[in-house]
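Take a look at the structure set out below.
Just so it is clear, A, B, C and D label the chains in written order, and each chain counts residues from 1 on its own.
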Amino acid sequence: MSTQQFPTETWTPANFLERVIAATPGESRLEMCIQCGTCGGSCPSGDDMDNTPRQIFAMIRAGMEEEVLASNTPWYCVSCYYCAIRCPQEVHIPDIMYTLKNMAIAQDRYVDSVAPDWSQTFVDYVENYGRSFEFGLATRHFLRHRPTGLRDTAQMGLGLLTKGRMDLMPQRIEWLSQLQAILNRAKELEAEGA
Amino acid sequence: MNDQFEPVIIGFTCNWCSYRAADLAGTARIKYPPNIRLIRLMCSGRMDPTFVLKALAEGADGVMITGCHPGECHYLDQNYKALRRVLLLRRTIGQMGIEPGRVKLVWASAAEGVRLAQEIGHFVEEIRDMGPLNWPGRLAAAHVNGHGRDDRLMPADMMLEEVPA
Amino acid sequence: MNDQAEPKERIGVYVCHCGSNIAATVDVADVAVWAKERLGDEGVVITHDYKFMCSSLGQELIERDIKEEGLTRVVVAACSPHLHEKTFRTACARAGLNPYLCELVSIREQVSWVHSDRQAATEKAKAVVAGGVERVIHNEPLEPLHIPIHPATLVVGGGIAGIQAALELADSGHQVYLVEREPSIGGHMAQFDKTFPTMDCAACILTPKMVDAGGHPHIDLFTWSEVVRVDGFVGNFTVTIRQKPRYIDTDLCTGCGICWEKCPKRVIDDVYEAGLGYRKAVYTPFAQAVPKYPVIDPENCTYFINGKCRACEKFCPTDAIKFDQEEEFITVQVGNIILATGFDLFDARRVPQYGYGRLANVFTSLEFERLCNAAGPTNGQIVMRDGVTKPELVAVIHCVGSRDRNYNNYCSVICCMSSLKFAHLVKERTGARVYNFYIDMRTAFKDYDEFYQRVLEEGTIFVRGRVAEVTDAARLPSEDGKLIVQVEDTLAGRQRRIPVDMVILSAGLEPRHDAKAVAHQFGISCSANGWFIERHPKLDPVATMTEGIFIAGTVQGPKDIPASVSQGAAAAARVLGRINKGEIELEPVRATIDARHCSGCRICNGLCPFNAIIFHEDAMVSEINHALCQGCGTCVAACPAGAISGSSFSNEQIMSQIEGLLLFDRPVRSRHFSAV
Amino acid sequence: MQRSARPYLDSLLAIQQDIGWELEEIQDWNCCGATEYISVSRLPAYALNGRNLALAAQQANGVNTVLAGCSACYLNLAKTDRYMQKDGRLNAQVNEALAAGGLHYDPGTVKIRHLLDVIVHKVGLEAVKRKVVRPLTGLRVAPYYGCMVVRPDPENRFGSPEYPTILDELMKALGAEVVDFPVKTHCCGGHMTQISAPVAYELIRRLLYAADQYQADIMVTLCPMCQLNLDAYQDDANKHFRTNYTMPIVYFTQLMGLAFGHDPAELGLGREFVNTAPALAKIGVEVPEEPAAARPRTRRDDPSLPMPQPLLKK
């Protein structure tokens, strides 16, 4: 992990905080965090995160962009929304986590690629077929990241297959070109906006 | 020197909140454009719609009405009455051919000097974008055209209310 | 409009430099010269610019001109009227001019301090002066209002703040009516065991005051009563009090207690004992209750439910039980009113993740106070809900329902200190290990931080983090049977799960559930949260915007006992000042209806928040009571007949000020009108 | 729903007549993107959901409710609709993207509701009770809501984001004995099974531990992801922690179907990884041993395309 020295001339706390806020839809209220730890305490995967969400927010304020985007925290967010409903300051924590993931992918900053690749694989399937496809997803994902774990998962996959709960081939939606046109336009718009 | 349009704006302030916010802006030396001239009322509820029409008719390009935040009125809830009047007034001036945006309602507590200054800044820009209102000019034109006073431009109760100058 | 022949008034205009405060940005000399030249038609006969108008020399300048030049109106262009209006008005009065014929316009706060372009600032200052001149022409000579004050006072709420206020007033020899909703005075403080930071016993310091109030020759105590109607205005309110039937003849009752001994009906006491203990259907809330007479609670009394029993009646040695008693309405006259109606405790059930109401051994702060209290349901034993087991591990959670936008976004002020108190009491009485979970430790005020030090010394473990949840769902066998407090220890940066036996929730303070209705009844305003709003948050914390109504204690916002007592005393002092003077002087900012123009449409009647407008059915006209009117002017703006005028803020004054502000060419404007 | 959550679909179709419904599938729906798409890019993720909403609005014949069975779909559709209503810029951008596909969606046009919400609040517990012919008496059910249906729930349809009871009430209406399940809204592990399995196993274990502590016979879920994680990964979690939980996990619609007297096979029972037979034997239901054979597909009538190759980074 690269460590950023601060304070130095490259230390630009305001910039990073402002960019995260700007990239999050609606009001993120990130600037309102009082560092109480409700999020970190509520988080089901908080134990396994490099930094608790609260720490991440402090780090964003401190301008520690590299560390934040390299942290596994946003990727370990399970979107359970406990933090969101409990936060006394109504900070939109899951939305901020999505923003950080976007930024980490865009800047190629994340350290452990398992989670980002899973998301990307999922996205590829959606973009190419319009629907997700468990068999392909799991296989492709495990081939890259946990070749040894594939055997266990394969057993489960076999189970899903024999129980009529999974297809061997992905199913494609009918008007895929329409979906792709929409997504491409959305990507253009997003690029313009950024 | 500078041919930028400088609007003239009349601001009505509440004695308990926004007038004090204006005082606070002064004490804190927060700068805002000199286009606004303030009038103190005891409450935004005192704001008679004819005051606004009068200001526009006398040459103001915009009117800003300020009062306490909802729920914080020093006279219990008179600011809600101001709110209702402003909504109706905006519609009325719209019917008279004036952009409703020339009348703006802003809530500012006695602590919000910065906010009041910002709101004034924004409003000046908004009015600048709309350009001069020139209601007196239009009234004069109507007068010259021999119709006497143009009743469509002059609300009835204002004609009743002849104010000695 | 400015072509009138002969100006009626002789106006003097004084432009202040305020050292360099104004003069640095505004060309004050230019403003003065301009005013004399251009406003001459309006009646300006003399103008001066002066270094410091508010200095005695400046004031003498005005006085001299009034006398020598025969000025009939004065305009001072200087600082904000909130600062020096009174100064210049007084100067005018000294010179024999009615003070309300002087107008102070602000060219400092509103011009020199907020603008930097000297030319634009000077032009704006001229416009502001012109506005003031046009306005002052229409000022009328006014007299301040003088209102006589009735010497009796109503105090609503018999908690510590109300008791303090009542005693202060009564001790100085004035009549007080003290109204309390519950059967006894004492309020929340009577429920507490110890008081921080000194750990005095609450009852030991409160009971003597309660007894004093109960027996005071100048205090009429109305317990089990409520104010149902307030009429009138400062100096002379007429208040109607409803006294609920006690079903006890208080002239006969000796408070011996046989009735509640014999009463067969046990009821969970969820007011005084916070639901942890029982009382009877005939009861006094606690042993030291003032007055000592019990009440019969008809909702639970067997006789009221099914017509049988009457055990209390049979055993009463003085025949004081009166089942046929009815509610009474008492009317009193008072000059001032002090509201000290207190707070409600935040209902911890609203935070489901803390499990209160679902998990037996989660207690609220009030429940815990009762557990600790030697006179409480457990005789002061700190035990778990089973009533026997002493806890070995106790968690105290701060900020429950406070500092949280999901519930109340303010700090409840007292919870940090009371949480420390709980930690101390648990340690002292059970030796249990105590964890305090806090967001920020707020121990301001005298001896409070010292108490924090003491609790630290005692070995309480402090965890900085707002608790995420309290659960009985164990993850590991080691957690089985415990309550688990899950929290991020923000200083360690780790998620922790801490198993405990007992959890105490330091619930916050909330406005009374009926605060808004009470505020409306007394004609005062409350914030969006429901706390009553003081006249000035710093300089006038116990007065309200409504003359004659004062507030004290937690009704104004969360506060601790010393602050509540101070406010009770302060409110009493404010009232005493008025009683001693015998009258008050009010600013003559008032609305008046000209009966000749009133059409009797009654539009104004419903608009007045102070019910100051009365309608005369016979004459079909409305009239404004000047003692009730606060001068907001809403009715003036609404009257379709223009029959209402507002003194100090009349239509003529405001319309003319508008004209003045826009009177001359618009010098700041570089593009001029062209005819359409 | 046609795939890994097939029993959910089967059981829903089975009970729809009982509760007087006629359900229509959104034609050519696409994936909502779960929590993954929005992790990669923001606007396309909203556009993805915008398309579903637009299709639903087009297809709506006087009907304006989209029923979601899956919590992620529910959340994503509802959130897209809500944010489009609140954020004018987002609304404009999503619609500009949709226009590229000839679609348009006015936020607020369709109501997005979860199956459970509609069954309890629209159909009503009384109507459900009347249909019960085989009460689930004696079956100890742990109601499991998971996260994204009850949270953030801005319209408060489920009563409480922390401790809802509507599934409890539904199960009671079916005659079941309902466990006061303290972890009812905790996380099932979500996508962590793919990202860091041990993390997910721990989350799954916590739920199983609590269900076991509370002596539940069976856990009911209302989301395909939860069902999949708890059911299919139960064995892995057991291996990881050397435990031996055998907690059957079914959809609430399956238990409704059983109570309404449907045949277990029709409800897709028997397709679980963890055997439901012992639990359901308590209410006298025999679960088919072998799953109904899936119709073998030939390559010819298969509309699928070959798998795309992974994009290799770096």
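The definition used in the following text is that a contact is a pair of C-beta atoms (placed from the backbone, for glycine too) under 8 Å apart; a residue touches a chain by one contact, two chains touch by 3 or more.
What you are looking at is a predicted structure, and each value in this text was computed from that prediction instead of being measured.
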Chains sharing the largest count of C-beta contacts are A-D
As a quick test, compute the distance in whole Å between the mean CA positions of chain A and chain C. 49
Length of the line joining the C-alpha centres of chain C and chain D, rounded to whole Å: 51
Between chain B and chain D, centroid-to-centroid distance (C-alpha), Å: 56
Multi-partner residues of chain B (each touching 2 or more other chains): none
Return the residues of chain D touching two or more other chains; collapse runs of consecutive numbers into ranges. 162, 186
Could you say which residues in chain A touch two or more other chains, in rising order? 47, 82, 85
Which of the chains are touching one another, listed as pairs? A-C, A-D, B-C, C-D
Could you please specify the touching residues of chain C with respect to chain D in the complex? 352-353, 358, 469, 471-476, 480
Which positions of chain D touch chain C when the two form their complex? 160, 162-163, 180, 182-183, 186, 205-206, 209-210, 213
Of all residues in chain A, those that touch chain D in their complex: 23, 25-26, 44-45, 47-48, 74-82, 84-85, 98-99, 101-102, 105, 108, 113-126, 128-132, 134, 136-138, 140-141, 143-144, 149, 152, 156, 159-160, 162-167, 169-175, 178-179, 181-187, 189-190, 193
Residue ranges of chain D touching chain A (in the complex, touch as defined): 2-7, 28-31, 33-44, 46-48, 50-51, 72, 75, 83, 86-87, 90, 93-94, 96-103, 147-148, 151-153, 161-162, 185-187, 189-192, 194-199, 202-203, 232-233, 235-236, 271-273, 291-294, 297, 302-305, 307-308, 310-311, 313
Mind pulling up the chain C residues that touch chain B in the complex? 1-4, 80-82, 106, 108-111, 113-117, 120-121, 123-124, 127-128, 131, 134, 520, 523-525, 527-528, 533, 545, 589, 607, 609-610, 630-634, 636-638, 640, 642, 646, 649, 651-652, 654-659, 661-662, 666, 668-671, 673-676
